[in-house]
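In the part that follows, the structures are each spelled out as structure tokens.
Same chain, two partners: chain A is paired with chain B first, then with chain C.
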Partner chain A sequence: MTKTLPPRARQSAYTPNDDLSGSLPSSIRMADEFHREELLMEKLGTRGWGRLLYFQRCYSQGWGENGKGQPLSPRSVEALFRFLEALPTSENKPSVFLTDEGNVELGWENSADAAVQVEFTPDGAEYFIERGTEGTVSHSGLAGLAIQLAR
Partner chain B sequence: MNDFFPIPGVTLPTRISPCPIVDAALEIRFVTSQSWSVLAGLFFALVRERYTSQVDLPLQQLPEEVRRQDSSLTYLPLVQFYSDSFLIQLGPRVVSLNALPRRYPGWTAVASEISWLLKTIEHGGLIKEAERLGTRYIDFFADDIFPHLILRSQIADTPFQPRELMLTTVLRRTPFTARLLIANNAVVGQQADAKTGSILEVDVWVGALDFDLFKNGRDRFAEAHAIVKQTFFGLLTPEFLASLHPEYP
Partner chain C sequence: MHVAGEENVVRAMWTDKYDGERFSASAFKGSDLSVSRLAVISLDDHWPLFRDRVQFPAGRTLLAFAEINVSKLAALGRTHAPQITLWVDAVPLDWNPAHAEVRGNVTRGLANRILDAVEVHWSQLR
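Right after this comes the complex of A and B.
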């Protein structure tokens, strides 16, 4: 027996003529999307790229016990990308986590073998360096923080 | 990203006739802690005083898990709520305020309604965080619109005026991004109502870090609408604009 999916919701007020309405082949992606994926692969590696994708797919609504985990924060994800743009590429790829508050967190060990953690919040980032300092920065301070923490 | 908005500024009319707007939508993409089954009911309870009827869209028949796995479905609405003048579309990650098809009431009425909707949503506490704020207008013309625009296409030095042409481009005016789509062979309406002609669509939006929904959301919508309006009127030839009987403030 053949089953067909129900039609999609009407999303637009018009339909281009058939000859004009072809979509992009799946092998072609828009440059902005491609750039972001390249950035994730370069700075976080395949594992980090996969984990963020997984969070975006599966944690955008309440999750965890009784749905108490907060959905992945779009502002946190945007803050992560601003940070990664400025973070120098390293062999030592940060690990990616999702906090109960729905924020993305990176963790790695720096060149002095000290643990470094950065949690990207809707307002910026909170960071912690083992045996060192901790603090917060706003979105405008993310690029500077990336360079500071990469030392 | 550098600004790129090469459309000339013109004096903006307050009204043209006949009104070419076939769709006007103010859209918010968001995340919420509520599951879809709870969200739809809570939302209806908030708006039912003004939006008295509800229509489930076909996509709602798909299981939630299937919808969640297909990223192309993420921001599609599953249900519509109707008032006498407007339509609200709601999905698990999107809510939009739409003018009723071909019954655009003017920006003053739209701005007033979005203001009410934002206050209602804030009061209900349903949105944890907003992801994107956008304004999209679609205009329809029975004729080929390209000869009436100051935007030209050509091959070498020869004008390129095919019977079927669709042009899409992205403009930027920080913090806004605008996608402009013009096609001269599109169908508007359905079945007996269907008409073939040209459409001019402008979709203007800001990302998560560039607005705070409940602090400056209304202002951002107004700014996005101003860019839509400037894009539309800035592209028309003076002769074509004059044929639309513009009224100025």
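Right after this comes the complex of A and C.
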């Protein structure tokens, strides 16, 4: 003789913490971070990668001569990654700087030996090409700017 | 008080503005840029003053002072397109009586011209 048990409400094997629900699983976030580290190494080289890490970890609010330096802006870093994704890899690695406003700045020379500079701001980027132009682009224009400046 | 055109001023250059290969033009970009007057404190005395006071955070190192004449700085602004009026005001601080600020909003293009015009004095401890 068989007996049928009454149906039970099905429960998930685990329930994510409140601070994790809605965000990506940790394995995906780790893969994303690994991809970003690889991108930095490929496009900026070890020196640029190390400098960015140093600015992120050591420059807190109030750094600098008069205590007015701002910590590295996460939105500036986001803009940097968007730009680097589209920037062709080159042997001529850009220099990486931190501005007093907390923005990342890249500087290098293009194939015509003209200085090229890009400062990543919370709103996008400000760029400069020696003997040429300077201007600004929004976040949506960063990939196009990377291709334009790589020429 | 305006700083006289005959005076020379220096801008401290730190690890965040030099990576061993290139200087950052952002060191000269913006408004109310901090500089220091050589007429008040000699270049030799600037080194210990800045090292003792502002090597923060750890690893941030004073690498050089970039020197420029005040009249030359104003002329660079005047001849830039579009023209930018620059002058230097003395703004003494407790720790640095030679402290001054460059008035006028220096654009990135002008900052690059200033960077090309400065005389760089490197730190012996670099």
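In this section, the second predicted complex is superposed on the first by the 120 of 151 C-alpha atoms of A that agree within 3 Å, B and C clash if a C-alpha of one lies under 4 Å from a C-alpha of the other, contacts with A are read in each partner's own complex, and residues count from 1 in each chain.
Here is the rule we use: a contact is a pair of C-beta atoms (placed from the backbone, for glycine too) under 8 Å apart; a residue touches a chain by one contact, two chains touch by 3 or more.
These numbers come from a predicted model, not from an experiment.
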First, second, both or neither for A:Glu105, with chain B first and chain C second: second
Partner chain in contact with A:Ser73 - chain B first, chain C second, else both or neither: first
Once chain A of both complexes is superposed, is A:Pro122 in touch with chain B (first), chain C (second), both, or neither? first
Check whether A:Arg151 is in contact with chain B, with chain C, with both or with neither, and answer first, second, both or neither. neither
With the two complexes superposed on chain A, say which partner A:Arg131 touches: chain B (first), chain C (second), both, or neither. neither
Should A:His139 be classified as contacting the first partner (chain B), the second (chain C), both, or neither? first
Check the residue A:Ser60 against both partner chains and state whether it touches chain B (first), chain C (second), both, or neither. both
Intersection of chain A residues contacting chain B with those contacting chain C? 58, 60
Contacts from chain B onto chain A in the complex sit at residues 22-23, 29, 31-36, 57-59, 61-62, 68-69, 71, 73-74, 76-78, 89, 92-93, 101, 128-132, 138, 140, 164-166, 183, 185-188, 196, 199, 201, 207-209
Would you tell me which residues of chain A are touching chain B in their complex? 5-17, 19-20, 57-58, 60-62, 67, 70-75, 77-79, 82, 102, 122, 139
As the complex stands, chain C meets chain A at residues 12, 14, 16-17, 19-22, 24-26, 29-30, 34, 50, 53-54, 56-60, 93, 107-109, 112
Under the touch definition given earlier, write down the residues of chain A that touch chain C in their complex. 47-48, 51, 54-55, 58-60, 63-66, 95-101, 105, 107-108, 115, 117, 119, 126, 128, 130, 134
